[in-house]
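Two complexes follow with subunit A in common, the first pairing it with subunit B and the second with subunit C.
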Partner chain A sequence: MKGLHKYLLVTRTSIRSNLAYTADFIAGSFFFVLVIFIFMQLWQAISISDGSTEGYTVNRLVWYYITAEIVVLSKSSVFRSMNEEIRGGGVAYKLNKPYSFVMYQLSDGIGQIIVKLIINAPLGLLLGYLYVGGLEGFRWESLPAVILSVVLGILLNFFMDAFIGMTAFWTEDNSAFYWIAQKLSFIFGLLMPLEFLPGVIKNIAVLLPFSYIAYAPARLLTSFSVGTMLDILPVQLFYTALFAVLSQMLYLSGAKKLNINGG
Partner chain B sequence: MAGCVTETVIRTEGLRKVFRTKTKKEGLKGSVRALVKPEYREIQAVHGIDLEVGKGELTAFLGPNGAGKSTTIKMLTGILHPTSGEMSVLGLDPRKQRTALSFRIGSVFGQKSQLWFHLPPTDSFRLLGAIYELDKAVLDKRISEVIELFDIKDFIDTPVRKLSLGQRMRCEFAASILHRPEIIFLDEPTIGLDVIVKQSIRELISRLNKEEKTTIFLTSHDIGDVEQLCSRAVIINHGRIVTDSSIKELKYGYLNRKIIDVKYGALTDAGRLDGLNIVKSKGASMKIEVDEKKESIQEIMVRLMQAGNILDVTISDIPMEKIIGDIYRDKGLEEPDAGIGPKSSQQEGKPE
Partner chain C sequence: MKRESKTDNTTGQKTTDVHGMDGVRGASDHSVSVPKHLKLLGLYIKYNLQSAMEYRASFISQALGMFLNNTFFIFFWWVIFQKVSSIGGYGFREVMLIWAMAAATFGAVHIVFGNVSRLPEVIMNGGLDTFLLQPKDVYMSVQCSTMNLSAWGDLVFGFVLFFAIFGLDPVKLLLFILFTCAGGLLVGAVLAAAGTLTFFIGNSSTIARMVMEFLLNFSLYPDSIYAKEIKLVMYTLLPAGFMVFMPIRLLSVFSWHGLLILLAVDAVYVAAAYIFFRKGLEKYESGNLIVTRQ
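Up next is the complex of A and B:
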């Protein structure tokens, strides 16, 4: 119980600490509203000719995009903080404490994510409702699966960032890896639904983990069926678990290799 | 080894740490070559250290920058893995029993912080209490104790970002001892601090050792830390122990000298300077070494003032490098070449 209590307290402390960044929140909210507005206009222009694109109406596209943005913009800064701590030597304070380093980072990250979700989720829902009204064909029974998918998408995003962040144990500059992963996540899900991609690329994208960050929950919300749910959730769960395990393995290996700077 | 040892709490035998660092020849060709076929060189940061520290001792681990002090302390706390050699801290192997050891030791790393920047220290204390699995009642009592011990009541509820460096350092110390560590490792605790804050931190360390009976292992390149605090000093250079002696011996043999830097506007009576050990002189500025066993600083200052119109004067401790050079000389040893690369910030070949 004490073991779990320490991580809950890390999350609580992280929430309190992140609430100190009021200016960041306001700026982030402006950005969120702006990108949602731009994409809503964009998809409306694209879909206007026949009223739908690849089965997506403007209403569904807007709700797809809002869900995807909520997941992506609610990410933690785990990549940046790991980079700074490993390179700057601050990791020394983290390594000699009685906790799991990865669990500590996760608990801290969840604190950041909760604070961002508190802002982004209501704002996104309000924007969508004001612009296109409620989601067409929305089924309340889909909500638990959608919420689970959003949580898994956020966790997958976290563990992928943590995995890349931990390469700082080996590399002088790992920002290129992070940049590539971000762009792939953007193309495979955030920019547009995978159904809009050419056949071969779509088939490849469905196999990649990047699609299970934003595409998976957004698709599940806008095209819910038991079949879709069974296609998406197990793969999402698999990739989240895989990157969690890989992060822990990379940490254990990196901590042994660490040659940290001193005073 | 000096001092009366009751129970050994830190023991190392032949402790070594070798870093591998990438080398690169100059120019574009060198960069391409390093990319295709990287070359490495090995750097001996710690070169076979044998050490024993007794319970309750306040030991200074001294040396110039890059001597291997921090690398040693990080190996002892389980952060770095040694290349070879044996070590035991409180009977545990820091490599294999890092978590068990972490409940029993504390650490303060120079200018790094373990406090949450945007929150008051009390929030960090609560979190650390949970991390060290202290019961609420025990933690409450302990927080009260450290507040009193380090006199931090006035700013315990102020966000860390608003604290002065001295106040923050007090809180860092308090945070490090909440779980009553048996040993506390202090890595350059006074680095970058001004004279007043340094003095205050030294008092804290001394109190910690006396009142909490904590064994203290302190690295520093500041001789002032040692003179005022420690009973024993281990000096290392290029990863090797140069000397391990009591402070009394060190004071008598090596710490008894001061350096006076004086700058004259007009030197009117140079005869007053006869007999002084002027180690360097340029124009109206000079550097004088004073052996306090033979001469009084006060008398020397009087003579300096009588010699002319002084524009500026500073009195400082003799540099660590000079002390080490003298120890080598007295032992009839040759000072080894530096085997340590430049200081950098991170991994792969970044000693200390």
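Up next is the complex of A and C:
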């Protein structure tokens, strides 16, 4: 527990620091409302045009999208932060500190994530209720699995961003990697359920980690069954652990070739 | 006029300053000579591009990354149109035209007016001092002094999509170029106006960011999915309608009347943003910030 105390302090400081930026809060909330509003209009228009929505009603599609957006928008700025630390040489000041660099970033990131969740989750629930009412066929017993899946989705997103951010040790500019990974997670789960994808692409998407960021929790909420839960949660857990280990390995490997000039 | 490649130490951002300081005439003398300013605009683009080419790998990766980034959304729309034949009267081809117009316009804005999104920070940090000392128009200089490299990916994407839709149709291509330039000026004007609010309220960076997000998002989906009230906003406060939707209608069914109305509206927005900035500039107070520019 003593070892964890320092990380809890980092998280607490991060929460306080993020709560101070009210303007960013407001901007983030407006953006959240905007994208939810646009997608509500889009699904409504598709449904009016008698489009096939793979068994999803507008109600379930809206709730799917809200859940997926809550996960994706409640992310930390770990990619930007790692880039700045590594490129700017700030990482040098952290090398000799009595903590793990990755754990430090995680603790700081959790602070940001908590603050964003405090805003996004109630706002998303409110928007959903106001627009389409409660989720059709919602089962209370699904809630623990959905919450666990949301947490795992957010952590997986964090470690994937950290993994890409760590490539700054080797590359001059890694933003293209970040954009591509981000858009893969949008296509494979955020913008639409995987069931919308053509057969072969869907089968590939189910195997990729990107689907386990937003699709997994949104699917669990809107189509809960014990079978779905057993299909989704172990894979989500596996990918989260895998990217956590890969981030740590990449950091250790990158730190060895770190070259800092000046002080 | 001499060229100096510079790195702004306050932001770490690489910029290119094309002003010679030997001809400084003071902040109040900004002769609005259109040919001279167009020439200066050309020089800004040229030198910013040359500066970008110094870091060729970074430039190409950013532009290519943005191009790929947009391609993912085309995939999204392709999947959606496998499920439905039209959304509010828009088919796949029309939605692609929306994306072509929006990508080219936003690309052009951030290539030519790369600093427009940073206007609130520039004003707040006293960064206008540098531009006020230069013998050219402050409004143009501050916006054109940097170039967003990834925006090249947007611009190229817009034109690739245009050719995929219309092929080599010279008349439509000329119109597309005209609409890209006009729309670019319009977006630049709206973003600059949002940034200019900083002169009056102290910090408008959040408002500017929201304006950018709303304008962009309203430009990427068929306007027919929205209610009348939202459409009203799209043709006034956040003129995505004049930026994307009216141009694509003119590309499909051209009319001189429509073209003249569009260009007149764009001109009104651009002039209003310029006047608003000049009014705001009267309130500007230097922070006496001393910045080392190398």
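A few remarks follow.
Note that the second predicted complex is superposed on the first by the 258 of 263 C-alpha atoms of A that agree within 3 Å, B and C clash if a C-alpha of one lies under 4 Å from a C-alpha of the other, contacts with A are read in each partner's own complex, and residues count from 1 in each chain.
Throughout what follows, contacts are C-beta pairs under 8 Å (C-beta built on N, C-alpha and C of every residue); 3 or more make two chains touch, one makes a residue touch a chain.
Remember, predicted model here, so these are calculated numbers, not experimental data.
Partners subunit B and subunit C, brought together by superposition on subunit A, fit side by side with no clash. After overlaying the two complexes on the shared chain, residue contacts for A:Tyr99 are found with subunit B alone; subunit C is out of touch. In the overlay built on the shared chain, the residue A:Phe169 is in contact with subunit B alone; subunit C does not reach it. By the touch criterion defined above, A:Leu148 reaches neither subunit B nor subunit C. In the superposition on chain A, A:Asp24 makes contact with subunit C only, not with subunit B.
By the touch criterion defined above, A:Gln44 reaches subunit C but does not reach subunit B. Here the vertex is the CA centre of subunit A, and the angle it makes with the centres of subunit B and subunit C is 70 degrees, a multiple of 10.
Of the two partner chains placed around the shared chain by superposition, subunit C is the only one that A:Phe186 touches, whereas subunit B remains out of contact. Superposition on the common chain A brings subunit B within a closest Cα-Cα distance of 7 Å of subunit C.
Within subunit A, the residues touched by subunit B in the first complex and by subunit C in the second are 88, 172. Every residue of subunit A that touches subunit C in the complex is listed here, in rising order: 23-24, 26-27, 30-31, 34-35, 38, 41-42, 44-46, 49-54, 88, 172-173, 175-177, 179-180, 183-184, 186-187, 191-192, 196-198. Residues of subunit B touching subunit A in their complex: 19, 69-71, 73-74, 77-81, 98-99, 102-103, 105, 107, 109-114, 116-119, 123-124, 126-127, 130-133, 159, 187-188, 191, 219, 343-352.
Put simply, subunit C touches subunit A in their complex at residues 12, 55, 57-58, 61-62, 64-66, 68-69, 72-73, 75-76, 79-80, 82-88, 150, 203, 205-206, 209-210, 213-214, 217, 221-222, 224-226. Here subunit A touches subunit B in the complex through residues 2-3, 5-6, 9-10, 13, 16-17, 20-21, 86-90, 92-93, 95-99, 168-170, 172, 256-263, going by the rule given at the top.
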